[in-house]
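Common to both upcoming complexes is subunit A, partnered first by subunit B, then by subunit C.
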Partner chain A sequence: MAEMKTAAYICSGCGIGERVSTAQMAKIAQKEGKMALVREHACLCDESGVQTIKDDIEKEAVTHIVLAACSRRVKTEAFNFPTVAMARANIREGVIWSQPEDAEHAETTQEMADDYVRMGCAEVKKMKVPEGNPNRASNKRILVVGGGVSGMTSALEMAEAGYDTVLVEKSGALGGWAAELVKRVPSQQPYADPADTGVAELAAKVAAHPRIALHLNSTIAQTDGAPGRFSVSIAQESGATVTEEVGALIQATGFTPYDMMKLPELGAGKSPNVVDQLGLEKLVKAANGGAVKRPSDGGEVKRVVFIQCAGQRDESQETEGRHLPYCSGHCCATSIKQAMYFKDANPDIDTMVMYTDLRVPGTGEDFYRSGQQKGVTFTKGKTSSVEAAGNACKVSFKDLILNEDVAIEADLVVLATGMVANSGMNIDIPEEEVEKMEVKPISILNLNYRQGKDMPQLKSGFTDSHFICFPYETRRTGIYAAGPVRRPMDMTQAIEDATGAAMKAIQAVENASLGRAAHPRSGDLSYPIVRLEGCTQCKRCTVECPFGAIDEDEKRFPVFNESRCRRCGTCMGACPVRVISFENYSVDTVGMQIKSVDMPDEFSEKPRILILACENDAYPALDMAGLQRKAYSAFVRAIPVRCLGSVNTIWITDALNGGWDGVMMMGCKKGDDYQCHFVKGSEMASYRMSKVDDTLKQMGLETERVATYEVAITDIERVPQLINDYAEKIKEIGMSPMKGFA
Partner chain B sequence: MSASIATNQTILVVGGGISGMTAALEAAECGKQVILAEKLPTLGGRTALLYRYFPKMCHPVCGLEINLRRLKGNRNVRVLTMAEVSAISGTRGDYTATLKIAPRYVNEKCTGCGDCGKAVTAEIPNPFNYGLDKMKAAYLPHGMAYPQRYVLDPSIVGTPDGEAAKAACKVGAIDLGMQEETIELKVGAVVWATGWKPYDAAKIQPYGYDRFANVITSVEFERMCDPHGPTGGKILRPSDGKEAKNVAFIQCAGSRDENHLRHCSRICCMASLKQTQYVREAWGDEGKSTIYYIDIRAIDRFEDFYQMVQRDSTVSFIKSKVAKIVQDEKTGDVVLHGVDTEGYKRYATPHDLAVLAVGMEPSIKGVSLPADIVLDSSGFIETAGDGMFSAGCATNALDVNRAVQNATAASLRAIQVINKTASMEKA
Partner chain C sequence: MSEQATARYTNDFLREVEKNVEEGHWVKMCMQCGVCAGSCPLGSAWAHPPQEIFMMIRAGKREEVLTSDSMWMCTSCYNCMVRCPRQLPITHIMHGLANYAHRLGLSPKGQPTQATATLFWNNLIKKGRVNELTFSLALYFKDGFVQGIKNALNMQAVGFGLMKAKRLNPMEILGGHAVKDQAGLKAMIAKAREIEDRKKGFAK
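This part shows the complex of A and B:
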């Protein structure tokens, strides 16, 4: 590797030169920052500025550069120098735009700019150009678990894009529940009639595709490895096990219909004439084109009642935990379709859909209209009971329009019971509780991961990904969920979802083969490097990693699976002995910045407040505060961090020991509605910081000297306010007594 | 500029909202070359104009920031703003797209310093706030605008204001002579992510959107509640600036109506449920929200959110299609007339403000398109031909989550075309 040669570029454009002395900044870069080359430029992002930097890289063999100009978030096209390490000192948004433009503030504004130059120089000297995960592997086959519509779609779409695919299905045939359907809800205009399911055609295509290897009657016995190098043991019906080497996985394990036997009040189990939606499909299939007969006696069916939301949208869930709290989304349209089975065969059959809210979004509205035209009746009502009455059923309900209790007779009652996700084991349930369970949960993926055998689940047992903007991002890199296993959905959506999941799986194998990170730091070539000789086997990194990337070996040392890693740095933040780092982001790249600033003495009335800001939300909010010229205290110095989870407490103690008067940590919202892009990062940080008070007390410092805030990217007004309030507080409690000891 | 920036291995994505950005980025992160064309001066689309997302009540620009960072870090995507596709010819694996690029009057030298904005005096209605306020005619669309480059409104070109902007720019970024450009691109596959527009509320005559100041649309209300919007986040009546504490939300304003939009726009129920929480955020227990609805379509996991709002004592629900709205000239109140179908009671209820939950109309409706593209009865793209695909709300009325899923799927479909073209060329 070439010898390090540093250079600093001080821009005086955008008013920087008018507000601060760039000559002084240049001097600091040279004298204190020890930069080998220092240049000033009137507009660094213009052609000549960029060319200057390029020339220095080529002709002067510069390897490390500091740009003291605008925020790292802007002018990224101009400042694109992938071959060198680069630090950007944010003089524009972070200094001149955030400070009032008057003589009174000139001195503190200059101090801010000077410090950011010092920090940039300190940071860059500890950075290396990332070279990519050396343990990369490039198996590009993709395995799909589940042979229903979702799984078949994923497999076929990947195969059509040129990727070899392995499809594992536990039953003896492809098709899943969809194969049981007589017809499907239409997905094309005029959205008027039930349509062919297309399942047989899809299954035939999958079975015949040269790029798809099929394993029927098979389950996953064990999954080892990481993106690019998964090794999956497949247990076959015969008892034999075969191993497939793949680069990524898709879990399309679908759903189980909610058990209608849990609904005796709706007549389930009381009369053979009460069925669920799949039960009705079976009756229609069995009738083989003829009229559907009443199951109890084979009598004529004159009236069918469809009861929506049976065991769903159960508001009592919180108090009694009885049925499903959610809506399954497809059931309204499915009941309309099933009512059409009858109406299309014989318009004289009375079909009634009993609902509270009829949910047929989008072009489903046309299908609803078609149902009305065909004479299906829709009653807004809430069923109180279904009882067997001879060969008929008595359905008692409250008519919500007429506001009265009504009872009618029906020959057939269809309960729309909803979907329960086949997610496998809930890895958040502690082992001792699993021990006590009568029916032991069965794992689907059998991941040989330290953090558990299946993907983490969300509320109501759906498999991972709570993002709105990034719906595919699970907490198990290279493993994607598709179809109703992750959200209740109809067939049209499942097909879209499965195609999208296929896209992400392809991307995962491509990125893994290049040693790059997956979302949200996609393309990041840095990776965690651990110095095992210093490791104390405390296991914090293996426990805290939000993505289950770190296992343990037999000696309890952490085993990093780099291609499972999302580069958030939570492990680095967790490590008490600081042996984990990234090439361009480490305990040192931040630690040296903290140590580099000029620390005014105790009597200066110039406190110094360190801000560690999440680069995804808090740091952009600071930038935008600058863009809108919202002024905040000149005593702060902000350092962007990959995630608050990456904050190592040594930074805090170093800062306090070094005489900083306060530390503000700004991260994303945690909890159920988390906004942390690394899911658990901000939660981990908050947990760690809950213990920082003890450290402060030991140091004889006030606990207010460290404060944690949840900051959203839109907090453009709030962030300056938080800063100013905190600066006031520091003024109240006084300057740190630790100054001058470092 | 011509074919040099694109080949038949390139994917053209039309539309730079969240769906288009997603389709472009997913393909680019697979190593594919992509051109992302957006007709406005900035990426971000409609989601950038939302204050919060349901059901997490998080901020859309948070995801935009990540997508922009993905974009900045990926050299496979080339972004063209102010670019509209005017024609496409050819077939799968071999299309020629003609794009018209409107003049921005500001070149890539712009640093975003804002000096031109300060120098200009003319103001224009702010399209990013649906015209509810004004902004300078030299402007950065919003804080998250990408590219972070100013725009000069054509109205000041050739005026002293235009010259003032040019004189103020220290880096020579203003080019008043910029002309509309036409470029042709060779591309292998096209993804149409042209999105949606709010249905024209004035067409719903009985609701008086064009006659009554205090009848506004849900997208306008969204801007009003945003602290960075035209009222600084205050919920105020347009007629008199009075605090609007008693707000009516009218569902299916245009949707589920064969005279207007025959489809259900899917997002409006959740959007209104979300907006009741803005009223609560602003006024606490003093606020009052009333939702007039036919069905509350809080589908799948969104049901939780509906139940949470139902428990909110400041929110009430009336099952009714509102028949008409009249604004009381003296008080400025809007009076809603109709029949509560639960119990068949007539009502004439005054509110401070009526918010019409306007439906989604596909943006592409009415635009002249290549013959391959078949629209359904609502104007959504049903099929787009062999090598062209639709993504997001161009396909159907979708929420953000589903639009992103759909766009990710569209991205793979485009890749299939590119990969097959590539393997055929090799063979």
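This part shows the complex of A and C:
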């Protein structure tokens, strides 16, 4: 880009002009901010305001602009100038709306507005217009791993949308577990009877589709690359390997039924008349429309008992929680369906579902009622044992309604065991422990990533994804998880899931081809730039990147895979020598803002509190607090950050050295039920800040001068309270002695 | 395993209730939420609240259910029925079960609600109208002669008051008034009984 020419635009609309002196702000932009051009406007977002800016860009060759108006989160369509670097000083939400409108507060309100202008000017001068990832690649084929209902649905959806798809299936046929089912739980009105699975039709469509390339009896030998340029080696049954070049992947590797042999107390392995749900499907299929016979002797089946939660939801002391801790979600409805196999054929057969909590969400409730209508009985009880008794089984249980121990006989016992995710290797288990394992874990994706061969898991072996907001997003950019590998689910949910993941994969290949970031900074053209000559090969960036975007070369220098990067800046926050930056977001863009404010002296009674707020949750919460006119202390200055993970400790040190009295860091919830948009960002920040106390002590400052908070986007009431409480605390501790040195 | 245990939790009794008890086909639709049990104003006086009765039916506890006095405790306040999320006509089922137990002769002997209902019915079908005097007297003396005299003396003032207000005619003791077509009434009741017997499995 040509030489930098700066311009500042001060808006006096939306009441800004009535509350603060825009003339003074303009003067500050010119004198302190050193802006080449400064203009005031009565309503910057209207046609004439936008035209003024456009004209300056075209005729005056302005390259860097500061808008002192409303929050950067609003009016993004009007203020869309992609050819210039732009900083926005939040005068509306951040100043006049967050400050009481009275004479008493006029002075501090003006100071706030002035500082935000200074900060905007300081920031913009360090920014560049992002040019987009130079290592873009535009392969738009998508590979699906797994040929079950989820995988087939994903493949078909993408093929129908016009994307060439490669489907890799381990076995010799499409269909997965669903192909083993006689019927499925209904997904359509009136939700009363078992329905055709539709798997054969789906498989036929997939096999015949011109846009779908099928690899049966094949596994993934290696996955290399990044969105837009994955190279996947597929190992075939013959031993040959073929390579498919694709732009994105969907992992729909489903589940394995929990091994019922781990449940000898429930009769598994003790009697052929005890089966799991898939075992029953096999029996019904084998009967081929005739009556299901007792496996032990071919005798007549008069009574079937279904035992729910077999080896699931196990947190009990006696079993030491050795079975699955979670509910697999589908099994109650599945047992009702299977009981109907019997009832529909012969209403005289007694079928009893033994449950502790019957979980049939949504339309499953209609199906439950239909089961009751058909005479399936339901007993709230806890099974203690199932034993073989001649050709029958003795089922001992406690009736939880009648509160008594009972033993009954059944010809057939069906155990509703749960789903175990086929998510490959748990990359968090250290290698030395893997070596000790009897059964070695087998990788599915065989990723050629330094962070491990498969996708990270959160708990219970399911792939990690943002459970609430972005379920299909995993921690490997361009690779999406769909179906029961992500969480336990039934067929209807798996189909929905597969469709969602298909759309995400399409988005990923499109973004990659344009050199843009994927979710959650979808469309972002900036990318991490590393100044390798300053790098000390400490590996913190490669280790801390939540998305496995950074590899290492032979000399252990980081190798950034820009298209795997989500642009959170966690690497930038981690780097001790500060050689990682983005064109429009760097140690300097924030650092200069911190250094630019006017710092009142120790005796002014005007402390300064820096807020580093996550732009995803905390910063919107601050804006909304302003929108609702919830006043907070005028001593704070807020800077939005991409993620708390991108906060480099140098900012904190600089702030404290520069005389700031306190630093509030606001990020998302961390832990198992994290809400961080970048998964590990807030956790990393919290970890780094746990070590900041030493720095504070070294500087002779109180540890309270740096505080970290978890703030959700809904904390509109809480955020002003947090600020005011903190301001009060700073008042108690007193002003920082570090003023006037910077 | 005892005979009793093997028969437990089969659907035999549930099917019997479904077939023979008024509104009995609803029992299988109970989802054991317990709202009825929690809603019954006399719940604490019941040995088994409706939720439990329904579970006992499914558990095949025929004897225990039919000899229970629980369903006789229902005062027909309809609270359970209004609140049942599955819209079971619980009040009607309770009455249906009580009647079925009574017809089978399994209901608890001397259960006051049952005794009163029996006296009421027998009084009513004699002449097609309830004779309040003979019905009251029958109630007083249902627990023996001495208790009857005591009851009558206790109610003396009320009785005279009713007579004064012309709400009670002492001459009714001689038989009282009747519906016009007594033969027709008898035929009607016989037919109703025949239909009921057929429905409830008592037809000979």
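Miscellaneous remarks
Throughout what follows, the second predicted complex is superposed on the first by the 738 of 742 C-alpha atoms of A that agree within 3 Å, B and C clash if a C-alpha of one lies under 4 Å from a C-alpha of the other, contacts with A are read in each partner's own complex, and residues count from 1 in each chain.
The rule we apply is simple: a contact is a pair of C-beta atoms (placed from the backbone, for glycine too) under 8 Å apart; a residue touches a chain by one contact, two chains touch by 3 or more.
Predicted model only: the values in this text are computed from it and were never measured.
By the touch criterion defined above, A:Cys327 reaches subunit B but does not reach subunit C. In the superposed model, A:Ile408 makes contact with subunit C only, not with subunit B. In the superposed pair of complexes, A:Pro600 makes contact with neither subunit B nor subunit C. In the superposition on chain A, A:Gly461 makes contact with neither subunit B nor subunit C. In the superposition on chain A, contact is made by A:Thr379 with subunit C only, not with subunit B.
Look at A:Ala389: by the touch rule set out above, it reaches subunit C but stays clear of subunit B.
Here subunit B and subunit C are compared by how many residues of subunit A each touches, and B touches more.
Legend: residue contacts after superposition of the two complexes on their common chain; A:Pro441 is shown touching neither subunit B nor subunit C. Shared contact residues on subunit A (touching subunit B in one structure, subunit C in the other): 358, 369, 380, 401-402.
The touching residues of subunit C, when paired with subunit A in their complex, are 1, 5-6, 8-11, 14, 28-29, 31-32, 51-52, 55-56, 58-59, 86. Across the interface of their complex, subunit B is touched by residues 13-15, 43, 45-46, 70, 73-77, 80, 157, 160-162, 188-190, 313, 315, 325-329, 355, 357-366, 369, 380, 400-403, 459-460, 462, 466-472, 487-489, 493, 496-497, 499-500, 502-504, 506-507, 510-511, 519-520, 522-524, 616-617, 620, 624, 627-628, 669, 673, 675, 677, 712-714, 716-717 of subunit A. Touching subunit C in their complex are the following residues of subunit A: 303, 350, 352, 358, 368-369, 372-373, 375, 377-380, 389, 394, 399, 401-402, 406-409. Looking at the complex, you find that subunit B touches subunit A at residues 18, 26, 29-31, 53, 55-67, 69-70, 72-75, 108-109, 111-113, 143-144, 148, 170-171, 227-228, 255-256, 262-266, 295-304, 307, 319, 341-344, 376-378, 380, 382, 396-398, 400-402, 404-409, 411-413, 415-416, 419-420, 423.
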